[in-house]
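Scrolling down, you'll hit the structures one after another.
What follows is a pair of complexes built around chain A, which joins chain B in one and chain C in the other.
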Partner chain A sequence: MTNMKRTLALLALSTLSLAAAQKTVTVGWSGAITGPTSDAGINYGAGAEDYCKYASAAGLVPGYKLNCIARDDQYINANTQRNFEDYVGNMGAPLFLGYSTGATLQLKPTIQETKTPSIMGTFHIGNIDSPNGQYVFLPISSYSEQVVSLLEYIAKKDRKAKIALVVNPSPFGRAPVDDARKAAARLGLTIVDVQEVGANNLDNTALLKRFEAAGIQYVVNQNTAGPVANILKDAQRLNLLGKIQFMGAHYTGGEDLTRLAGSAAKDFIWATSYYLSDEATQPGMILVKKIGAQFGRSAATIQSVHYTSGMTASAIAVEAIRRAAAKGAVTNLSVYDALLTFNGSKAFDPGFTVSPVIFTKTDHVGAEGLRYLQADATGNFKAISSPFKSNLFRLVHPPQ
Partner chain B sequence: MSLLFQLLAAGVVTGCIYALAALGFVLIYKSSRVINFAHGQLIAVGAFIALALTQRGLNFWLSALIAMTLTFFLGVVIERFFLRRMVGQPIISVIMVTIGLASVLDGLMYLTPYASSNNSYPVNFTGSISFAGISLSSAELFAVAATLIFLGGFTYFFNKSTMGVSMRAVSDDQMAAMSVGTSVQRVFALAWAAAGLSAAAAGLILGLKSGLSLAGLAGIGLKVFPVVILGGLDSVLGAVVGGIIIGIVENLASGYLDTLVPGGGTGAVLPFAVLLVVLLVKPYGLFGTKEIERV
Partner chain C sequence: MPATRMSQTGNYKTTYRQDQGIFANRKELIWIVLLLVALLLAPLITPRTMLRDFDLIMIFGIAALGLNITTGYTGLINMGQGAFMGVGAYAGVVAANAFNLNLFFALLFGGLSAALIGGIVGLPSLRLKHLYLAVATLAFQEIFTWGVGHSRLLAQGGAIPAPAVSIFGFRDSFLTHNLFWYYLILPILAFLVLVWRNVLRGKHGRSLIAIRDNDRAAAAMGINPATAKLTSFMLGSFYAGVAGVLLAYFSKSVVIEDYGLDVGIKVLAMTIVGGLGSIPGSVFGPAFIIGLDRVMEQVANWLGGLNLFPSGVDVATALRPLSFGLAIMLFLMFQPHGLASWWDKLRQYVTRWPYKS
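Presenting the complex of A and B:
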């Protein structure tokens, strides 16, 4: 009995001393859980938080406990700024996980000043371009690269195709336009029209009729799923779905588009770097489902590509912290240095993206592999290409 | 020419949706002189109630009926607990209450699984009809029919029913209406209830046409401001005519002018230009009551 008491006391003591020895590092995400784009943000934030908690519980960073926080900024830049200041200034977070384009562009000087490595849910190429892009990282290929890759797809089908770009009236939407024009010129394609369409696009008859009159065969969208779904539904009503091929970058497609556009989503071509939930044999997707179930997430959340996307950002952060911890102290600068080791034999493959995450000092785009996916009659997106990189994009937009 | 007809048809459909969404504004302003900044949220609440019911297996039409009934009573509750206390208070205070109400309703909707997700009603409303070069979807035809039904119903109500006449009396002069025994409180409650009902109808149609997202549904509540100002803040007919004018101007501008402007977007701007011109000539809108203050 005395032996047992002694053993229990020793066990308790060792557990306490272990806990005391463990240091805590904050991994904070700020994004739209409510407000505009919260349809994507709520799942992105859930993915970022869940992966971080999973990593902490699984001891993926030996000697460190992760303080995982996902905060709603309502898509308001000032709130993002406050969250950044709280995470980095008050909690000593060595890195920052962000979400929206506007907030990232506004935060860039502060990120540069505080030398805080930041991994964003917005894939705007301007986030990592100079000035002030040194500490910002994109988890996957940029919107610009996604759009250029879609132009390459079109060029393989028809060198003389007439194309229209439909973009969101915001920096997020306009990001790829210049690079798309340069790429189209190199490919011999004609971008006939660039139109801005935002949320509340109740009727797109005029837009589509103009496209029809101009003989446009391909419409490339850089937008969110809502406006694209409305365009597709109107195209279906006007019998244009067979005549015009609609396609889009990462935030246009996926289950959100199918849910909104229904049968009008059929044949939509989507460029993204992520595996999808129904690719059940992919190790990353098995992990997504396991973590989702562990944290009691709904089937819709687990199925969302944005949940996977949030996990990817979090996985990159955790791996960078792990590498920094293995070398010594976890600070903003050691995490930044750790991110720059994500290349060669040390490239990081979380299994959520179709290619590994690779960063160098001059290349802050992580998983650059893309695939074309196309919606079938049931609205499920199926890969119609193997993973590839757009070499043309590097020609039209060299790293800055 | 077929493009013109198609754009006009699309404009009428869009205008009818605007008109239906604007009706609630008009009903409340007409009786109580309150501009309700939470109207978009009422539209969203109605749409999401119907979505919740249809997702639980209830028939869409029955869900729609229940949603309209519930938002009818929500209107009564809002008036009873928030607006009634504000009678006689400065107009800016009343406006602030409706802005606060919009935040409260937004917050409540974010507690449900619907506000931060994209959804559609699980009903097959995908058919369309084509004639004379014009294509209209079932949802669009339904939008036009619903607007006409609501317009007819409210016109009849205001002209023929005792309560409708009471509402007009209160709108004209609250003190005089009270002096002849009209219950102003009851009139206000009914105005909010009717606004809730028409908001739900607008939400249902928007949901059928454009899917269900809080930003889209609540956003339409503000997008119809030019409609009610153009038509006249206190005119049901004005809401419909204003809605159709704005809808047509939007579509014609998008169809014919967007090619001349890089990036397009004239459809979003031109209605405001038309609004300014009309207000220069008719400051109370096309059908608004001209108020003459005598000193």
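Presenting the complex of A and C:
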């Protein structure tokens, strides 16, 4: 009996000391839960936080407890900077998960100074370009690559096609325009018009009539789903949906577009690197649903591609921390080195993206594989291509 | 007893010289010196993240003081203060990068550029008043945003890095960033407050107030309304420009999103909440709005942790923007003179104590 008591006491003591020995690593996300683009940000943040909590509970990083935080920065750059400072400066976070374009561009000098690996929800190619792009990583292909890949799709259909770009009036929207022009020139396509359309585009009649008059056959959007949905609804009203093919980069499509545009979303072509929620056999999607249910998320949240997108960023972070921990201490530099091991046989496949996440010292674009998806009559996006990488993108935008 | 030693309420001024003093009396001067000493010592007990908020309060305090000059003291409504901050920020940072200017020259250049543009934008104020003038300044805000977005020189609104700053051998770094800027912005704010208080006691400052109260009567007294209005716009824009340069350097780069219409509205809200036509109000307003945001952030986190709301209904995070709008509405309804009037009442109460105010 005495032995039993001693054993129990020793067991309790060792458990307590193990718990005490378990170190904590902060994984902090800062993004728009309210304010502009919060329709995507709220789900992205939920995905980032949930995956991190799931990983911590499941002990994916042995010996470490993850302190998972998702904070609303309201799409205000000063708030993002404050959150970065709190995570990295006060909580000693070895990496940072970001969201908005402007804030990321503004943070780059600080990220460089603190050598903090940062995984962003904005896929602006300028995030990883020099100067100060050394520690910034994109989870998937850039907006520019997505737009160029859509131009490649058009070129395969019709080399003489007339194209218009419709972009958001912001650095986020304008980012791919230069690369798209260069790609179009190489493909022999004609970009006839580039128009900026923001969230206040309640009537797009003039815009669409202008496109019709110019004989535009394809409209490539780099925007958020809201403005694109308004354009599609107006195109439907003007009977232009069959005459003009509408397409878009990652943030234009998905169930957000279907919900907002309704039947007008039919036939919209979308380029993204993520699997979708209704691809139920994909292991990653099974995990998304499991984690979403575990944390009591609504069906709409679990279905959102942005929820998957947030999980991807978090999964990359957790994997990098795991690899860094396996080699010794978890610091910003060891996590950075760990991210650079994501290649060859050690490429990381979280199951959420159509190709594995690959990083090298000169290539900070993770899951670069893309698919074209097209909305059917019910608004569900179905893949119309296998995963591919843009052949042209590196030629028009070499790594900087 | 000399007038300068008497309290404000019994402050009998017997000469014009006394009436034109920068400080009401010696007591006020002592209080200001004590306040400055307290502010200089504040970083010793202030957490780092809170110090960042102090820095932002001071930067927006300068912008709000500028708006107070135009709107509070002269009565010319201006919705474009965000754009004037932006003009200063872009001019200051681009010039500093191009000509290797140090921070103080960048501040001066940014301020003067904003003042120049302010003078041009102020021209409609010679013919327009009230809502019409507000719309004219709003138009300038839109033109500015569009112009920057389409200018390759200004990176189409993307980030233009500000040069690294080093003063007397002290370098701005991540670990000392907030402290460094605290001791840099505080004297600039103090200096600009002193300059405005100096202007205010003289002919030019009083002419602005006369214009606000009744421009025809002011003209009848020999004040040139056109000169006064344009001066007001230029001076207010100069302050905004300086604030813009400081914000750009503090943020390490200039990005169009920091100088949009929402920023102009925020500065206007700060000015209204602080108190139109009040120097202390220009700092109270930013302190209240930024402080409210921090408080509501904590409340939102606490409420969110309680899981009171059904999944997908994120009432907690909506509290921040909701409280911002509600605060402005309540101030306009119940305290139109802003926090500055509470400050005045408190001062009077303390001064008259134990007598009833």
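Going forward, the second predicted complex is superposed on the first by the 390 of 400 C-alpha atoms of A that agree within 3 Å, B and C clash if a C-alpha of one lies under 4 Å from a C-alpha of the other, contacts with A are read in each partner's own complex, and residues count from 1 in each chain.
One rule holds for everything that comes next: contacts are C-beta pairs under 8 Å (C-beta built on N, C-alpha and C of every residue); 3 or more make two chains touch, one makes a residue touch a chain.
Note that the coordinates shown come from a computational prediction; the quantities given were computed from them, not determined experimentally.
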Fit or clash between chain C and chain B when superposed on chain A: clash
Touching partner for A:131 - first (chain B), second (chain C), both, neither: second
Chain B versus chain C as contact partner of A:242, first or second or both or neither: neither
Contacts of A:42 with chain B and chain C, given as first, second, both or neither: both
Which superposed partner A:108 touches (first chain B, second chain C, both, neither): second
Contacts of A:33 with chain B and chain C, given as first, second, both or neither: both
Contacts of A:300 with chain B and chain C, given as first, second, both or neither: both
Touched partner set for A:81, first chain B, second chain C, both or neither: second
First (chain B), second (chain C), both or neither touched by A:230: first
Partner chain(s) touched by A:260 [first = chain B, second = chain C, both, neither]: first
Part of chain B, among the options 43-51, 97-105, 115-123 or 205-213, whose backbone runs into chain C after overlay: 97-105
Touching both chain B and chain C, residues of chain A: 33-35, 42, 169, 196, 298, 300
Contact set on chain A toward chain C in their complex: 33-35, 42, 72, 74-75, 77-78, 81-82, 85-86, 88-90, 102, 105-106, 108-110, 113-114, 126, 131-132, 169-171, 174, 196, 296-298, 300-301
Footprint of chain A on chain C - complex, ascending: 48-49, 52-53, 56, 146, 149, 155-159, 161, 173-175, 177-178, 251-253, 255-258, 297, 300, 311-312, 314, 317-318, 320-321
Touching residues on chain B, where the partner in the complex is chain A: 3, 6-7, 10, 13-14, 17, 106, 110, 113, 115-120, 126, 128, 130, 135-137, 140, 206, 209-211, 213-216, 219-220, 223, 247, 250-255, 258-259, 262-265, 267
Touch list for chain A against partner chain B, complex: 33-36, 38-39, 41-42, 169, 193-197, 199-203, 205-207, 209-210, 213, 225-226, 229-230, 233, 236-239, 256, 259-264, 298, 300
